[in-house]
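Chain nomenclature is as follows: A, B, C and D, assigned in order of appearance, with residue numbering initiated at 1 for each chain independently.
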Amino acid sequence: MKRIHALLTAVTLVLGVATGGFAADTIKLGVAGPHSGDLAPYGIPAMKAAQLVVKKINATGGVLGKQVELLIQDDQCKPEIATNTATKLVTEGADVVLGHICSGATKAALGIYKDAKVPVMSPSATNPPLTQSGDYPNFFRTIASDDMQAKMAVDFAINTLGVKKIAVLHDKGDYGKGFAEFAKKFIEESGKAEVVLFEGITPGAINYDSIVGKIRRDKAEALVFGGYHPEASKLVSSMKRKRLKVAFISDDGVKDDSFVKVAGVAAEGAYMTGPRDLSSIPLNATATSEFKTEYGTDPGAFFQEGYSAALALLNAIEQAGSTDYDAVVKALQTKYVETPVGTIKFDDRGDAEGVGFSVYQVENGNFKELK
Amino acid sequence: MAEKHKLLEVKGLTMDFGGLRAVDSVSLDVCEGEIAALIGPNGAGKTTFFNCVTGIYTPTKGDILLHPKGLDTRRLNGLKPNRVTEMGLARTFQNIRLFADMTVLENVMIGRHCRTKSGIFRSILRSKGVRQEEQEIVEVSYQLLKKVGLADFANEFAKNLPYGAQRRLEIARAMATDPFLLLLDEPAAGMNPQETAELDQLICKISEQDRIAILLIEHDMKLVMNISNPIYVMEYGKKIAEGSPQQIKDNPKVIEAYLGEETDA
Amino acid sequence: MDYFLELFLGGLTRGSIYALIALGYTMVYGIIQLINFAHGEIYMIGAFVALIVAGICTIYGFAGISVLVLAAIAAIIYASAYGYTLEKIAYRPLRGAPRLSQLISAIGMSIFLQNYVLLAQTPDFLPFPSLIPEFAFMEPVAHIVGSSELVILMTTVITMILLTLLIKKTKIGKAMRATQQDMSMARLVGINVDRIISLTFVIGSALAAIGGVLVASYIGQVNFYIGFLAGVKAFTAAVLGGIGSVPGAVLGGLVLGWTESFAAGYVSSDYEDVFAFGLLVLILILRPAGLLGKARKQKV
Amino acid sequence: MQGFKQSILVSIWFVFLTFPLMAVRVNTADRIVEWRWMNMLWVAVASFVLSYAWRYMLARKQARNKSEESGQQQGRVQVLLEDMGFRYRAMGVLLVLALIFPLVFDTYQNTIMISALIYVVLGLGLNISVGLAGLLDLGYVAFFGVGAYSYALLNHHFDLGFWAILPVGGILSCLFGVVLGFPILRLRGDYLAIVTLGFGMIFKVVLENWSDFTFGPSGIANIDKPGLFGIDMNIDGSTLYIYYIMIALVVFTILITNRLRNSRIGRAWIALREDEIACVAMGIDMARTKLSAYALGAFWAGMVGVLFAAKTTFINPASFTFMESAIILSIVVLGGMGSILGVILGAFILILLPEYMRAFSEYRMLAFGAAMVLMMIFRPQGIISNIRTKYEYKGLREETDNG
């Protein structure tokens, strides 16, 4: 036991030296998110985006004449690990942090960054209270919050599609249930339609036939679903098999190529909200092609947002002229920056101005933006 | 001569498993100071009878009455095994059931559980009373080990004891519950003649010195005939005979039952 | 009435899958009294192998139900091989060890296999090519039960019949039953118990693979994590029906499928899992041996 | 030579076995098939080498089993640990090390250490029901959750402080254990395992769905950190503070579980684990004994759950999954069932090792699963096996004095 403890101590010492040794003169960009485990696909693209951005910036002379150093930490999307991750980033002296990916992990970690006065920017945490509660002045994000999506989806269902009876489902998760609850609230507030069904489905279940039957029974004209693409594909497939034709409206978690590829024909005609189409933005094309040359595949979820967040953070440091917390925050809130998600700055709650949503529809296996 | 005090009185005990009647209205008494024996061929229902009396099975029919000296009569039917033991009736098992990964001494100490009472909180506080009780448990258990001749092995694991010693340890463990009636299920099984002779003495000692009545199931006829009286004989779930060793030896039914078994074997 | 029928058939589909996986649990448990925690992973591996074969075929331009059959055969072969190896590595050296050790080993194996597939393949959900054609004759009732459900039901029924025949009629089946009754006795009468145990794992794994292929093609997606929930549910089904009993596993699977389906349909799918596990607890308290299990009298 | 042949066969078998998953990678979404032939070579070489190691280890295990039968032969460490004096000294040294740890290392190391200590307490708690009483509980994390949520909710609604809730969390969780335990403790071992697994999952589903009470999947944020006479602490300070609370809690847990283990109740638990029938026949009330073990195990989980909520300041249902239960269980099992020192060591290895080997973080769960299997096969008693207490009896001393 004693020996093992000594060994551990030695290991920690070595690691401590290894990470802390070259602290000299770099700008440290922390990157936190799930890089292992089942949620890794949501974290790795943003991490790779940060790597690409840093590589490019360092090649052109860095920020404020200093090289940018990446501190990458895995939080597995778990709040309890995220606090460790955050502490680690703070102790290693991260000047700014790109992350976290999941809202829960972000919430858990933010307190630590706040105490340490580190600006944090998430490419993906869409949970509304993160900005709206005002608890986290150091938090920013390059993605719009869930309530905006829900509002857009509900408006679309009621005003464009003109449905009166809406079923609202979610996957019992933080993201999906949050979206669904906002959707329910907005539908009820509108007074133009009613929620005929509000339920959570069990992720990973073999089929959703019962719930599809229920939608039919309750004569819903539209289904608003909050959650991610695996469940969404199962839902639309089940609806197609059961010959149930109702409008399917969902969120950004579903606007994923996998949805179209997994659900196939069943996905045709489905609506979903997602960040505005970015293909016309030149920087977006550059970023994507950078990714493709580097990794040979298409970038995954939250790549553009991650890329944008890395750019915005480093740009703010450049603009502020130092890594001082107040100066960086001020720069984030006042100076516009060109990113793959558009030219943005942040409002005083931390949400990006100029980032918005559109409604998309699946058409011939592609997402078509509806204007 | 005055009638001997009956400690255990079983009347018309019947036990069915599904359609199978394992014990069929067996009546049996064990009186104070007796070493009674229950014999019979394999599968006659002797162990099932024990299991009914000790509460492991709930009998289908019949009465099991316990008459502790100076206390009210208690009906044991349907009581949980631990309640039965608390009332002063302890047992050993045919297939040795020791706590293999505990030491020999600890095995006996477990037997003291129902006669002691420190609870969780007092154990945590480890008050003086608890410490005294612990010490008392150790002393009593150690004395019992000495009685069965296992004192030298007190700190061995029970699983490492030789077979005969394990049987004696089971007896010591049962004795630790302060019974007035001890049920021994084939205590001599697997023992060599010398060990059996020692066991013979041990059982007599328990009966005489500790004034504990004994009911034993045994196949070793020599042992049974030596020490027990009365003897009850079971076959196919039924009691076919009872009486003194001599009466049993001469009983034609018993002879037939045992001869039948021998041709089987 | 349509609604009821829909729920009933939905539950039946689900239940058939549970039953197929539950059989593996029940057979293994019957013989070596071990909850083979990694069984769900075998199911997942079956689905993944099928995906790989079917994927290659469709990418090179083959399609149709014959590809599905080919994928299923590959899945069965590989799942069986994994089941066999699993037993040899993780369980055989532990024969006679305390139950708890065996169970831990099983849990460890489950974690290992899950991560093995994650690392060797991908964490993403992969689409499974749709290979079951829409049968035209199903169209009038398709809103209640479709072609793929029909395929699942038929496959399950055929598999069950074959399995029952295997156990009841063949020499291997007899040896399996004997081993289940009393392992040391079976050994005495000259049955190679180790071989029978291996065989049980192979058969159980093959059944899981069939379930895996059916589910993969039914829901159209596969990832490394699908085995966990399916495994837990199937185990629940096995216990529900009476673990160790083959008809019990089938009944348990169906009862569980219906419970979930009706609970979701008539109450709320929020608490679907609560109903499933609540039922399990209830059964175990009221009838610990399960619906069809025989209460084994404890030997004293 | 025979070994060589065998290893070749093993190698071929594994190449066959891993072929579809390791050599092919098919992306059906993008319609890409990737062939990775090099992997097959690695598998072949690795399985060839490992099969030698495997056989060697198995042979050694068998040899050890034999030597154990003929006479007890214990490892040197084990002998050393049975020496009470050494144990006290070792514990003392450990405690001192633990106390000066945060003075030497930075805040990050402290947080990691707190996580490990949380698992130490969880392991010790589960050790009561699994290690001592032999009740396999696969839903142990639910009790942890009860503690965490009681603090989070009471703090949120009534603004109650950490110190007030610490015992309350434990007691609530204990009550929860009693209520659940009543119906299910009659079940045999394997059934108990699966029912507790079910309960663990139900617990999580309820947390997710009962939004009005539990705030659903979005969890509860801004939970107060433990207070120290109203002093405002920065992150370093409060981490340090929590670290010392945690050390105290660990010491407290060790003290109490150790006392319980060597008490009348503790012996009854162990006896129950060894043989239920014999146990009841010796007059031990099975239901009560089981329930006490189950509830006491729950108590510790509840206590440390409160601390967990206070440490992370945010909790949501995602922290209370089956995986957590499995990790706690493996801590108990790998460390050595019933052994307090073993459980502590187990927690450190299982929680710290992956933390410090982040570089291999992708492989950590893989290694973790493999370790569980290998431990069970080659060292089932855990790293440190249970040490039996030796009782002092006057009788023996008198006898030797006389003789």
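For the reader, a short list of remarks on this structure follows.
Definition applied: a contact is a pair of C-beta atoms (placed from the backbone, for glycine too) under 8 Å apart; a residue touches a chain by one contact, two chains touch by 3 or more.
Quantities reported herein were computed from a predicted structural model and do not represent experimental measurements.
Chain D has its Cα centroid nearest to the centroid of all protein Cα atoms in the structure. When C-beta pairs in contact are tallied for each pair of chains, C-D comes out on top.
The greatest centre-to-centre distance from subunit D, using averaged C-alpha positions, is reached by B. Per-chain Cα centroids separate subunit A from subunit C by 36 Å. Centre-to-centre separation of subunit B and subunit D, using mean CA positions: 41 Å.
Our note on geometry: subunit C versus subunit D, Cα centroid distance of 29 Å, whole angstroms.
Once the centre of each chain is set as its mean CA position, subunit B and subunit C turn out to be 47 Å apart.
Counting partners per residue, subunit A has 37, 172, 200, 258, 261-262 as the residues that reach two or more other chains. Residue positions of subunit D touching 2 or more other chains: 28-29, 205, 209, 277, 362, 365. For subunit C, residues that reach two or more other chains under the stated contact definition are 124, 126-128, 228, 270, 273, 300. Those residues of subunit B that touch subunit D in the complex are listed here as 54, 56, 80-82, 85-86, 90-91, 93, 97-103, 105-106, 109-116, 118-120, 123-124, 126, 130, 133-134, 137-139, 142-143, 146, 151, 154-155, 157, 160, 173-174, 176-177.
Interface of subunit C with subunit D (complex): residues 29, 33, 35, 45, 48-49, 51-56, 58-59, 74, 78, 81-82, 85, 89-90, 93-94, 97-105, 107-117, 119-122, 124, 126-129, 228, 232, 235-236, 239, 243, 270-271, 273-274, 276-278, 280-281, 284-285, 288, 298, 300. Put simply, subunit C touches subunit A in their complex at residues 3, 6-7, 9-11, 13-14, 17, 118, 123-128, 130, 142-144, 146, 148-149, 215, 218-221, 223-226, 228-230, 260-262, 264-265, 268-270, 272-273. Interface residues of subunit A, counted against subunit C in their complex, comprise 37-38, 40-41, 172, 199-202, 204-207, 209-211, 213-214, 216-217, 229-230, 233-234, 237, 241-244, 258, 261-264. Every residue of subunit D that touches subunit A in the complex is listed here, in rising order: 28-30, 90, 93-94, 97, 105-109, 111-112, 115, 205, 208-209, 211, 216-219, 221-222, 234-235, 239, 308, 311-316, 318-319, 341, 345, 348, 352, 355-356, 358, 361-362, 364-365.
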